[in-house]
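Below are two complexes that have chain A in common, paired first with chain B and then with chain C.
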Partner chain A sequence: MQPKLLELQFSQLQSEWSKAKYNNYSDLRKKEYHTKLAIIISALEKENFQSFDDTEITQRFHIISFLFKSLEFLNNSTTSTIPFEIVYVLSEALKDWSSADEYIIVTSLINDLNGFSFDNSLMFNGFIYKDIELLYGVNFDKRLVQINLPLSLSRDYLANVVLYHELGHFIDRKYEITRVIYIEILDLVASGNLKLHEQEEIFKYFPYLSDINPVNWLKDNYYPFNYFSNHIAEYFCDLFASQYIKDCSNQYLNYITLNQKNYSNTHPSTPNRIDFVEVFLKGTPSFLINQYKEIIFKITRVNVERKEKEVDSKNFESLIPVEIQESKELHGLFIYGWNVWLDDWDNIKSQSNIGFDLSQVKVYEILNNLIEKSIGNFIVRTEWELAKKS
Partner chain B sequence: MILSKEEINKLIADKEFVISPLLEIDQIGELTIDFRLGYNFLVTIHSNNPFLDASLNNDDKFPLKSSFQETRRLLGDTFLLHPNQTVLASSLEYIKLPQNVYAVLSMRSSYLRMGISLSAIIQPGYCGCISIELANLNTIPINLTVGAAIFQARLYYTNAVTNYFAKKRKYICQVRPVASNVNEDNDLKELNKIWESNNYK
Partner chain C sequence: MLYSHNLEDEKINLFTLFLTKAIQGEESYSPIVNDVILETHKYVAGEKNLYNINRDSMNIILLLAGLENDFFKNLIDNPENYNKETYSKVLDLLKQTKPQMAY
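For the complex of A and B:
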């Protein structure tokens, strides 16, 4: 790459930075991260790109790309833009699996109605952090967990249950869970020692493994995004999410995939995904789920089990927020919200003596408002009590 | 008849009156309840709309929402209220009033003295955060703290029990300030018909 092209890239970054440098964030850790970006940009400004050799130019290109990516998410994580209620709840879930202080959940609001995804481009790029530390003396002790969600659904707490699944992708990548399950299942299938019902269960969720040729090929060709590893990861993320929100994500999954009956390169069939979660939630004996649970525990020392507390309330039907008592109930709030949505809404009308037809969009607004306020009140009360104790 | 502290506390205990979160019990005074400034705001912005249109008489519609921009703060953050600026905010507390109690709002004395005005009434049975329209009548900006108790309500019994939801409501369970939905008023539709008739439309 010519130095002039690197100068072009850095000019683009400087232009973006001229706006982003005044960002206000919803927590101190993002401010600290932002300050570190400022130090790197300031150091880059002092460098003479014309004097760089090819290696140095490539190195700077990746660093500037890192800065751009960080800003993309930080710009969407200011106090005014970040849906901080949902991020708070996800951060509580993250604490079960990792030191929450180690990671900062950031969001990017994108113009794609189905655009829920986990972006791992910053998280697991160890080389870039080493380069930055060596060149500029900046150490990122906290890393960004990047979650994309649709701009138009950022306040949709029914749809946002999908974000638990996306958080599962982060946990999967952090601990490389899929890789271990991948090897374990293929070894089991190839060994020929499986009992018939165990084999049938594996073939049900991974139909292509009934043929020995793909098994041998997959054993020799592991890579993170082949169809088998993709499917293992998706089942893991569904399992992960269901610990917190039971089968709520199945509802939304069914809606966005139109109950897709065939598997694709990236995802198992929707009926299989729904079934996998139901088997776990019902506690039905399952060889495959036990394999998942054992492997996950060995790697993370965390048990796969229900981690939510169901909300025992009729407050939403009475048009008032729920008084959340502990963080586990935050997850249960989504289950309650979904149950009310799937109900016939007569309870809402009768409990509040509503004399007019409740339109679906009105119920949609009411539920989202009440979920948001229930979470918001919990955050406010927690902060207030902490402040009083200090 | 204005409600006393004992009566307010009894309504809360009986779950007939909901106020959440009630961070400090002493927000309930002898005759008033203090309410805190919430963390969501709508501020007016200069858009392509030439004015805020509270009529249906223009062929070119000027949606009110596009003249407002949402901004959020955290508890303990500040919000700068500029002179002659009207800002839509909401209470930190979510309330549900009994069917026979209405509330009259005013700024707390400390904030009145800074030059902020507020005057509003809340109907019996209302549920949601309280929407407030803050106007700085002073000549210098005022820096407000999110979560501070800035306004108060006096509660009064009505003579009869009413049903807030007997007729269709524009604002139900609002938790963030919402721009005016004045264009949904039935009166405006009727007035627009008269105007059209008078102007051969």
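For the complex of A and C:
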């Protein structure tokens, strides 16, 4: 490995850092993180890359990659267009599964209409943090995680329900849930001890498992992104999301996938995904969902169950925000919003006494605005109450 | 995409690097690799299971356990007894992995 290429990589970082070193953050935790990056970069500047062997070059490669990614995340977070309302709601959901102190959430608005995701690349590799601490004495007590939203949909709260599914991927990676389900299901199928209805249910959601050859191959060839892993993860994330938003994202999913009846390498069929969630929400007896629930609980000590509180209100139809009483109702807001969207818009006309029809785009704008205002008001009230106590 | 890159590759890469450092005598890396080796031993010995092994290094643990179960089973429970020979053996095992197994 050539030290010159390490010098190239570091030069790229230094060029980026020259612009970012004066970043301003309102969040103290981001400032502290930024300061730690500065310490590491300063230390790297004093190192003699020409004297490094391959191992040391590889080490610095990973560290500089980490620094680049961190800068990318922090740079994105200095813009003023971050939809803090959606971040707040997702953070509330995250608290059910993980300590809030572990991470700093940032957002990035991207030019991709399907670009809903969590970027976990700085979250789950403990080795890089240990190496940085050993080499430079810098300890990161919090890690950055980035939520990606399509720029054009950043304030579309109806569409943003899919972020609960993406949060599921984050939780999955944190706890390696898919990996365990993968092993357990294959063991069950291979054991030959399943009851007929249990077997039929597994083959319904994972049709390829009805043939023993794929089962044996999958057992010997685990890969995080093979089709079986991917499908397990997608069912998990749909299940995860439905705890907070019931079947809201199913409506959207059914439309944007045009009810895709075939499974792909990355996703199960849309009908199967919708069915999986409906079985859970209705409480229909299900061997597979019980397997998921048991495994998830054994790993995380968190029960898979409804975690939202439905909003009983006609405020949106009256064109006013909802006064949220507790954080569980924040998730219920999305369900309420979707119900209003899917319902007869004449209800808005009659409830609000506006006396004229609203165009679809006006209903769209008003609903999203009201959801945002409802969340925003709750945040302000909550922060105020906290400030009064301290 | 210019090249394939995923988190698990990066973890294995770093773990391999740490093993190399430990073999070279850099003792500060020993505790990091010892943790993974000990966890693998506990897993194959039945003292730990899929539900409670370390999540961050889980895929490395399962990979190592699948490569040479007996070696890890017969390891002593006390990581202070792990030495350059232990690290070299683990490093050799990792070098044997098929590209797909190494993600």
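Rule of thumb we're sticking to: the second predicted complex is superposed on the first by the 378 of 390 C-alpha atoms of A that agree within 3 Å, B and C clash if a C-alpha of one lies under 4 Å from a C-alpha of the other, contacts with A are read in each partner's own complex, and residues count from 1 in each chain.
Heads up, the rule we're going with is that a contact is a pair of C-beta atoms (placed from the backbone, for glycine too) under 8 Å apart; a residue touches a chain by one contact, two chains touch by 3 or more.
Predicted, not measured: the structure shown is a model, and the values here were computed from it.
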| item | value |
| --- | --- |
| Superposed partners chain B and chain C on chain A - clash or fit | fit |
| First (chain B), second (chain C), both or neither touched by A:Phe203 | neither |
| Vertex chain A; arms to chain B and chain C (CA centroids, nearest 10 degrees) | 150 |
| First, second, both or neither for A:His62, with chain B first and chain C second | second |
| A:Ile299 touches, of chain B and chain C: first, second, both or neither? | second |
| Contacts of A:Pro224 with chain B and chain C, given as first, second, both or neither | second |
| Chain B versus chain C as contact partner of A:Ile366, first or second or both or neither | first |
| Touching partner for A:Asn125 - first (chain B), second (chain C), both, neither | second |
| Touching partner for A:Leu319 - first (chain B), second (chain C), both, neither | first |
| First (chain B), second (chain C), both or neither touched by A:Trp384 | first |
| Shortest CA-CA distance in Å separating chain B from chain C in the superposed model | 33 |
| Residue ranges of chain C touching chain A (in the complex, touch as defined) | 6-8, 10-11, 13-15, 17-18, 20-21, 24, 28-29, 32, 50-51, 55-59, 62, 100-101, 103 |
| Residues on chain A engaged by chain B in the complex (per definition of touch) | 26, 79-80, 84, 318-321, 323, 352-356, 362, 365-366, 369-370, 372-373, 376-377, 379-381, 383-384 |
| Partner chain C, residues of chain A touching it in the complex | 55, 58-59, 62, 120-121, 124-128, 130-131, 134, 174-176, 179-180, 183-184, 221-225, 295, 298-299 |
| Chain B residues within the chain A interface of the complex | 18, 20-21, 23, 39, 70-77, 92, 94, 96, 127-129, 147, 163, 165-168, 172-176 |
